[in-house]
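Each structure below appears as structure tokens.
After this come two complexes, each holding chain A, first together with chain B and then together with chain C.
Then we have the complex of A and B:
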């Protein structure tokens, strides 16, 4: 029962916000408007999926924001000038993510500390690559991010694709089930003969992969990079996962919900800006929206539990 | 004769009506300010100037709206989203103080493609379709040394107080100072500290380096650090050298009291936060159809011995000397760049 609510609530909150935005700004209700409203949410959605991979195995990644910034810097410099070398660096950074996942499990280190440390490493590398803002987006990435498909804007198509593919990968495939099982009960997974280290490394590698995609998309939208470009993504991605119905423990995540959560967060910013709310209140108001949604979820899940208990009894 | 007079009269009428019609052209245009940060006295003064000048322009019927927006966090991604929202809100011109010179280019390109005029100032952007009102920070550094050379023909030792490390403005002013020292080789920079444009940081940094320095003839600064330097030098019991100031109220107050005490003379220069209003008028001129070059330079605001009392009196406590630009100033800057 509660798993059905899990996806219902994010969908509902997104719909309510979208209706409010359309009411405030009817111009947004068009092909062009929807694209403007949502195109910057694509990298946030990808970063949220990356965060979800880590949260899925009961860890948390505090380095995703700086990692995406680092990837953005690599994309705007190496991937543009020497595509092979750039691709190799990005591949190496995904392997580094996998290694971090394995290390965290093998040495039983707290992920929060290791990833916080890594955030300084990625941030430092980004500053080394681009001491001052600059670089250029490779033309093909720019072309992909500004493509105008018929009928439905690129931003919406991209979000549907991300949600659909990750849903298949995490919720439908055997590997996805195993990965979620690591978060649910790692000991049981280990006793049935699977290597938890390998699985955790896999989950982190997936996080690195989606982080790389996020950085590439971001540069495609902004056309160039800045070492601090995506620092906000760390907290946005965590909020997106939770808003989308995920939980910090137990391997309970929802890829579709995570994408919707990211969209909701991006939309909340636009909504507050259309409301002409003073910036001093905006962060607080964004937080209030978050707390409101979570409070509603808590109410629902309590209700669901009672209902189930009553049924069983 | 009579008909000639009539003709002249008609010509005069047309001439009178022309500026009026020029104003009417932008009466239905809406201009927005996209700002990335409001957390210091400079930005607060900038927003205040904007609402004052913009509000008056709207009341006078020069523009339909002059709304200011500040992002809740100082992040390029936030500001890019903010600019995209402005496109949706249907503004005719967007005036930007950018969080990053490059990371907003995608959003700014979107705005240009939607037919919106984009004018960046202070924090300028590199996207070619936008206008840039830049500050010649290098010249600001060079002029400090030039002023010192006019006061001290024999030269001497200089202490340099720099800004926040790694920020573009700090590098530019520093380069200007180096250029000035090359131009006037009698000066020698004997020490350099980072004051982060804050009086307390500058005071600590200067106090730390002072014991290792020889006699100082002058202190070159970046603004926001002159008062702290003066306090540190006084605490060390040294004679006060010529400290170039940066238009902050506390700096000018200290300068005025030192002048009353012992005839202390110096120069103060910085960028007026009212530069936002210059950008407003430039945007208005572009909307009006004027030919405006893409790159403009703002004059910086200098406070001299003669204008000290006047400027100090008009600067609120804890703020920075300001000047609001008018349509005529904007026209002069545009004409100067052609």
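Then we have the complex of A and C:
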């Protein structure tokens, strides 16, 4: 019962927020306005999907923000000047993610500690690459990110694509099901003869892959990079997963929800600007929105439990 | 509708699995001590025994999850090939339905089938999975109300167990030929358990084999063609089910240690025991100075009953100087030892509030208390400042005893405290418990070992989370405890 309607709450909170934005600023209700509103949500949505991959296997990734920053720096320098080398670096970083996943499982290390450590590694590498803001976005990325499809703005199309493809990958495919099973009951998976280490490495590799996509998209939008460009993504991505109906443990995640959660958080920023709230207060206000949505969810799940108990007699 | 069993009739004299002299040692513990058995198509083997008799280990060896330390396990495939190892066990069609639920609660019923069934890949796998699981459910539990698209976490406990059983029997790339059912009916009601038993009989009649583990002897008698009794890691009796009676089965399981029980407990228990000091809602009572035992098969609610009682008498927000209840943990790693602390710190933990002056710990008093208890219970170390993990398991347990006994708590709760403790330490601990009881302390003692329970003044036997018997005095013996822990008749019989 509850799991089927889990997606309703994120959809509802996005709709309410969107309605509020349109009410405050009716001009946002246009092709151009929507694109502006959701433009910067694309890399956040991708980072949230990356975070979701890790949360799916009961871990948490505190390095995704610095990792996306690192990827952005690589994209604005190597990928622009020496595409082959740049691609090789990005590929190696995805492999590094997989290795971290395997290491965390093999040595039974707490993911929170390992990824916190890695966040300094990625951050350090990013600073080495670009000590001061700069670099240039490769032209083809810029072209992709500024494409103007008919009727629906590119930002919306991209979000639909991300949500749809990751839904197929995680919720529908046989491999995705196995990955979620690791989060649900790793012991049962191991007992059926699967390599949990391999599966966890796979989940982390997917996280690395979506992190790379996030960094590339970000550079495509901003045209240059900076070593600290995406630091706030770490917390935004965790909040996005939870806002989208995911849970920290038990492999209960929803890719569609995660994308909606990311959009909600991005929109919350715009909403607060339209309210003429000073940027100093925005982070606190975003937190308040998060707490509000989670509180509503808790109320619903309590109610659902009571209903079920009553029904079972 | 009939499930393919795959096991053909003609080669039914060739055993599916053959164990010969299989031993499994975990350190010094012999979980399995030279087990030989064969299981042939068409057989339903009832495997019974008390806690720690080695049933689960035997199951894990048979399904390939554990490699025996010595001895061999051989599987014969449907085409006659012989082999060993976990991959062969899977190819042979050996499926296990475990007692503790092994489904993923976040997945749907059909998605759960993906974990054991490796061939479910590619386009349209969901449809195949849904077909397999609903056909199996339809056949075993005719009027179940489980849809393949339901999330397992939303199902009731009984429904989850039904799904798990159905997955064990469901058709797959390799059809099920031997299904191991470990306490399959523990959360099913009588009518549904009956459907399962009927299916097991049908499955065996069609050439499949089943290993049936249950504490409901009635059920075992109903389905088993052969009953193997395990004790101390060995099979001590293996006969056709018709050669056993429920009474002879209980006798075979136990070893009677009557004289031992007489020795300790009856001593001046008359003047030792005073008025009632506790009574819980489930009917657990204890009097001042009494040693009360909680017995029964592991996991039937004893630890939960202790925890509920303990939490009701402690765990308030305020710091109390004189706790009402002290706790001795059996699972030292989980709820006993602070692994990074010294022996002394571990020992004085409960008593700490009375060692405090002006908010600071008086270290001289702490050391004195430590030295005192080191003397009294003989902790084998030259320096109490050593790390707790430098001690052997038995000595760590002594520290936990000292932690509880050093407090002034009138009631001591013990959750299987002798787990993995050597015999010498056990004897010392029994001595200590009796002495403390003589001084007016009340002990609530859950133990999985019958001869420990026989040390008690009064014993409550638990079954399915409820008290099934209360034994006192000379009634406390292994036979009575076993009889109360195993259901003589299956619920449905």
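Following the convention adopted for this analysis, the second predicted complex is superposed on the first by the 311 of 313 C-alpha atoms of A that agree within 3 Å, B and C clash if a C-alpha of one lies under 4 Å from a C-alpha of the other, contacts with A are read in each partner's own complex, and residues count from 1 in each chain.
Simple rule for what comes next: a residue touches a chain if its C-beta (ideal position, glycine included) is under 8 Å from a C-beta of that chain, and two chains touch if they have at least 3 such contacts.
Just so it is clear, the structure is predicted and the values come from calculations on it, not from any experiment.
Aligning the shared chain A places chain B and chain C next to each other free of steric conflict. By the document's definition of touching, of the two partners only chain C reaches A:187; chain B does not.
Of the two partner chains placed by the overlay, only chain B lies in contact with A:231; chain C stays clear of it. Using the contact criterion defined above for the overlaid structures, shared-chain residue A:274 touches chain B, although it does not reach chain C. When the shared chain is aligned, no partner comes close enough to touch A:195: not chain B, not chain C. Touched residues of chain A, counted separately for chain B and chain C, are more numerous for B. Of the two partner chains placed by superposition, only chain C is touched by A:178; chain B is not. By the touch criterion defined above, A:132 reaches chain B but does not reach chain C.
Fitting both structures onto chain A leaves chain B and chain C with a minimum C-alpha separation of 35 Å.
Interface residues of chain B, counted against chain A in their complex, comprise 38, 67, 69-73, 75-78, 80-82, 84-85, 87-90, 100-107, 109-110, 114, 126-127, 166, 168. Within the complex formed with chain A, the residues of chain C that make contact are 65, 86-87, 90, 96, 98, 102-107, 111-112, 114-116, 118, 120-122, 125-126, 151, 153-154, 156. Within the complex, the chain A residues that touch chain C are 1-4, 172, 174-175, 177-178, 180-181, 183-185, 187-189, 191-194, 250-252, 308, 312. Interface of chain A with chain B (complex): residues 25, 27-28, 32-33, 36-37, 39-40, 127, 131-135, 218, 220-226, 228-233, 266, 269-270, 272-274, 276, 279, 282-283, 286.
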